[in-house]
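Got a structure here, written out as structure tokens. Questions coming.
Letters A, B and C mark the chains in the order given here, with residues in each chain numbered from 1 onward.
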Amino acid sequence: MCCMTHLSVERPSGTRLSRHLRPAILVSSLGLLLSACSLPSYGGYKGATTQGHDTHLLYAGLFTTAIVVGGITLSLILWSVFRYKKRSDAMPRQFQYHIPLEITYTVIPIIIVLLVFFFTVGVENRVDAVSSNPYVQVKVTAFQWGWNFDYPQLHVDVHGVTLQNPEMVLPTGKTARITLVSADVVHGFYVRQFNFSRYAQPGVINVFDLTVRHSATYQGQCTQFCGLYHAEMLFRVKSVPPAQFQAWVHQQQALGHDKVVAKQPSPIVKVRSTNSRTKI
Amino acid sequence: MTILEEKATAPAPAQSRPEPVHHAEPSGLVKWLTSTDHKVIGKSYMFTSLALMIIGGAMALLIRAQLASPHSSLLSFQQYNELFTMHGSIMIYLFVGPFAFGGLANYVVPLQIGAPDMAFPRLNALSYWLYLGGSIIMLLGFFTASGAADFGWVAYAPLSSAVNSPGAGPDAWIAALILTGFSAIFTGVNLVTTIFYLRAPGMTMFRMPIFVWNMLVTAILILIAFPVLTSALVMLYADRHFGMDIFSVKGGGVPVLWQNLFWFWGHPEVYILALPFFGVITEIIPVFSKKPIFGYKGMVFATLAIAALSTGVWGHHMFTTGVVLLPFFSLLSLLIAVPTGIKFFNWIATMWRGQITFTTPMLCAIGFLITFLIGGLTGMFLASPPVDFQMHDTYFVVAHFHSVIFALVIAAIGALYFWWPKMFGWYLNDRIGKVQFWLLFVGVNATVIPWYILGLHGMPRRVAVYNTGMGWHALNIAATVGADITGVSFLVFLLNVYLSWDKKVPAPNNPWDGTTLEWFTSSPPPTHNFTRIPPIRSERPVWDYNHPDAVAIPAHKSDNNDKHASPPTGASGDDGGD
Amino acid sequence: MKVEGVVLISIGIFMAVVSVGYWFWSGEPSGTAMLIGSVLLGLLPGGYYYWWAKRMRPRPEDRPDATVKEGAGVIGSFPHGSMWPLVFGAGAFLTGLALAFGWWFLPPGAGLIVVATLGVTMQSRRGGTI
């Protein structure tokens, strides 16, 4: 079944409006998700995370709307172009106003827009929801041009090195809370199968949840242009079953201990020194 | 100083060229350099911006050539970054906008409202010189030791800081945009004043052609938006050179402030680019359908609504920053679809039951409708924050705004074919024009549609290389082929200009049975535009003059089939306008 | 004049509604500041036009029944040409170069701007053939 029930434990302290509308939106967006299940995927990924899956259903709903609206408009354009091609020298009737018609095509788009907005807010709150007791917390630091994945509670640190393709390991089916920061310029954390991106910015700490649904390795990439080697700022997310994840953590803890003893400079400092535009 | 008394309808025959008062007028180069005639300035703007478009287009073709293979070494990373930055900067800042509000508006607005010139002719000339100077400075960036600006056309802080982007290239970029920013503001002031104060008698606000309305609203948007950009650039410059730390965390600044300021300009800017071309389409479609524009007042209100809403949607460029109010910006952005939809249906209803002739301008108008429809619908996806999280900074976004801008470019080509006979007194060849239109239409959509799919498959924008295993190669080749076809279409345009100039087919005053005042004067118009003006009793004075028995049916009579309003007073049956 | 005023005032009022909503919903200062700027841009000139529209007879371009003859007379002075925009533009160009390439472009740039400003003012005051 394509619709997994998404049990987000707690909603974020959202805006006042969203708090008021929450019950209504929850019910109705569930309805949308159920109906969107039967829609085709329209070339998008179905979403490897529960959050990305919600997004995908909204995308499919929007695509269907766009096909209907666009199809009607395009048919009207093509019809009038081919039907009213000049056939004689007769002067066309010089009509200019038809108030009921104009009101109709003002009101119908407003209704469509409000519906789209309604479902958007529902999905938005689900995607942005942050669990109060995540299974694992990861602090992701983006820098020119690489990524650092720090698991503060587990004392594991996947050191990022410039132009490497580091791997963030996550437990499948469990909620991971990502804290995203940047050491220098604006970067974009993006994994295409997750249908999700978020800026890593200096001066801003972004927090979001990822609940990966299937064990696999996903390719991620920086999407916000960040300087010379933007194109090669890659990373991977490897999702493994929780037991395997624990094994990995233990393995890393053993490794990481040595690293701490060896007093490796923090990756950010290391990268700052290689941040040179004369590289090419 | 020439004191104009031309608005008094002189009984001169329409064909006769007026003899402006001569006093040792300079000629040739000096005349061009010192001219304050809005028509000369308008043409200068148009051809300067077209030349810059060809430069920017050549950059686009280089970028596409680089992306045609995954690990191409055609361009270095540095070159690639400079090229896409300058491609975007040239197209947005120096081509589409200046072509529209500097070129078309300058040329057409005074003619359409029956004015002798713009309100401030010397300020108008200054606008052009600032624009030209700014464009030259931007291109000079390529000749600096550090190369041209390479932080993307949005120059996000802190990538654009002195540490991350040192050198004179970025400074040249800033200086260029400050100059062109002032140029745009001056043009905005000039347009508003001209439209408010220099209309011909009887040309009430609700009788202005929709093009003039759109230019008025564009000018108001310019006045809202451009000062913000120019001040943001001054702040950026101060950051880079005087350590002001406005946009740097270290000095207590806020990098996100740049994005707020930039997009507060950047989203109205989209409509500063688009509204003039909406206006162009609204001029072309009625003329070639032989009908008045459907829902004139609805069009005006839709334009005003688009402008008003567009000032409150800048945050939709920042959905993924995590620091903007998602529902607010999402709702306002989605609402823009409503007035845009009204415009679409009005255009369709204008063609409905018309007698459509398929000249090149009309084909371009239809091409615009289809291309813009794609761009508009995909905009709805990006206005929805969760879907924007998915699409942001991928090729889907690139495809979306290229659909929009390419639609405007198609409309710009239509505008050139439409007003060319008026500007020069001879036609551009229509047959070659149709070839160009089809190449352009097929080319842009063949470029853009693969990009949508690439975006869905996760290809980020502004990457010089990509991995073979991502499955992006074939689509990139398709997009490159499309871009090359688009490039060929502009070669055809240049060829058409040359061939049509070589064997001129002279154009009469009103070659298309046009409806607005510019078609009443000679082609090209005399120095101060009009020797006489027909009575203005609707937004189609020239049509009413030429077709007194086919006046538009007013709103309260539109249900009656054959009752026409009484013909305008003073209109005689002769075809003096042609 | 009245329609001009109403158009600008309604833009101002719309922006005022947006500003208030934005401020109380987001509390974000920079966007609010810019929105308030837009409110003023609508209200100040709009109010000016409206104020005058109340106090003057409609101009020929405001009246739907005006004939072209009513617009006869001097409607303004429109120079055939002037060299000062070019001089000013050259000065601004040099100033722009100074921003990017070095301060030594500034003195000639500023000089040309001053000369052009004086020149264009003189030209307007002197009248006659421009």
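Keep this in mind: a residue touches a chain if its C-beta (ideal position, glycine included) is under 8 Å from a C-beta of that chain, and two chains touch if they have at least 3 such contacts.
The structure displayed is predicted, hence computed values, not measured ones.
Chain centres computed from CA atoms place A at the largest separation from subunit B.
Of the two chain pairs examined here, A-B and B-C, the one linked by more C-beta pairs in contact is A-B. Note on chain placement: the centre of subunit A and the centre of subunit C lie 44 Å apart, centres being C-alpha means.
Separating the CA-averaged centres of subunit A and subunit B is a span of 33 Å. Centre to centre, using the average C-alpha position, subunit B and subunit C are separated by 21 Å. Across the assembly, subunit C contributes 25 as residues in contact with two or more other chains. The set of subunit B residues that touch two or more partner chains comprises 325. In subunit A, the residues touching two or more other chains are 15, 17.
Residues of subunit C that touch subunit B in their complex: 3-4, 7-8, 10-11, 14-15, 18, 21-22, 25-26, 28, 30-31, 34-35, 37-38, 41, 49, 60-86, 88-90, 92-93, 96-97, 99-101, 120, 127-130. Those residues of subunit B whose C-beta lies close enough to touch subunit C in the complex are 1-5, 7-9, 20, 23, 25-26, 31, 33-37, 116-117, 119, 121-126, 128-130, 132-134, 136-137, 140-141, 144, 168, 171-172, 174-176, 178-179, 182, 196, 198-207, 220, 223-224, 227-228, 237, 257, 260-261, 264, 304, 307-308, 311-312, 314-315, 324-325, 328, 332, 527-528, 532-537, 570. In the complex of the two chains, the subunit B residues touching subunit A come out as 76-78, 81, 146, 150-152, 156, 158-159, 164-166, 248-249, 254-256, 289-298, 320-323, 325-327, 330-331, 334-335, 337-338, 341-342, 344-346, 348-349, 351-358, 366, 369-370, 373-374, 377-378, 380-381, 384-387, 389-390, 392-394, 453, 456-458, 460-467, 470, 547, 550-555, 558, 561, 564. The residues of subunit A lying in touch with subunit B in their complex are 15, 17-18, 42-45, 52, 54-56, 58-59, 62-63, 65-66, 69-70, 73-74, 76-77, 80-81, 84-99, 101-102, 105-106, 109-110, 112-113, 116-117, 120-121, 123-124, 127-128, 184-186, 188, 190, 192-193, 195-199, 201-204, 206, 208, 219, 221-232, 275, 277, 280.
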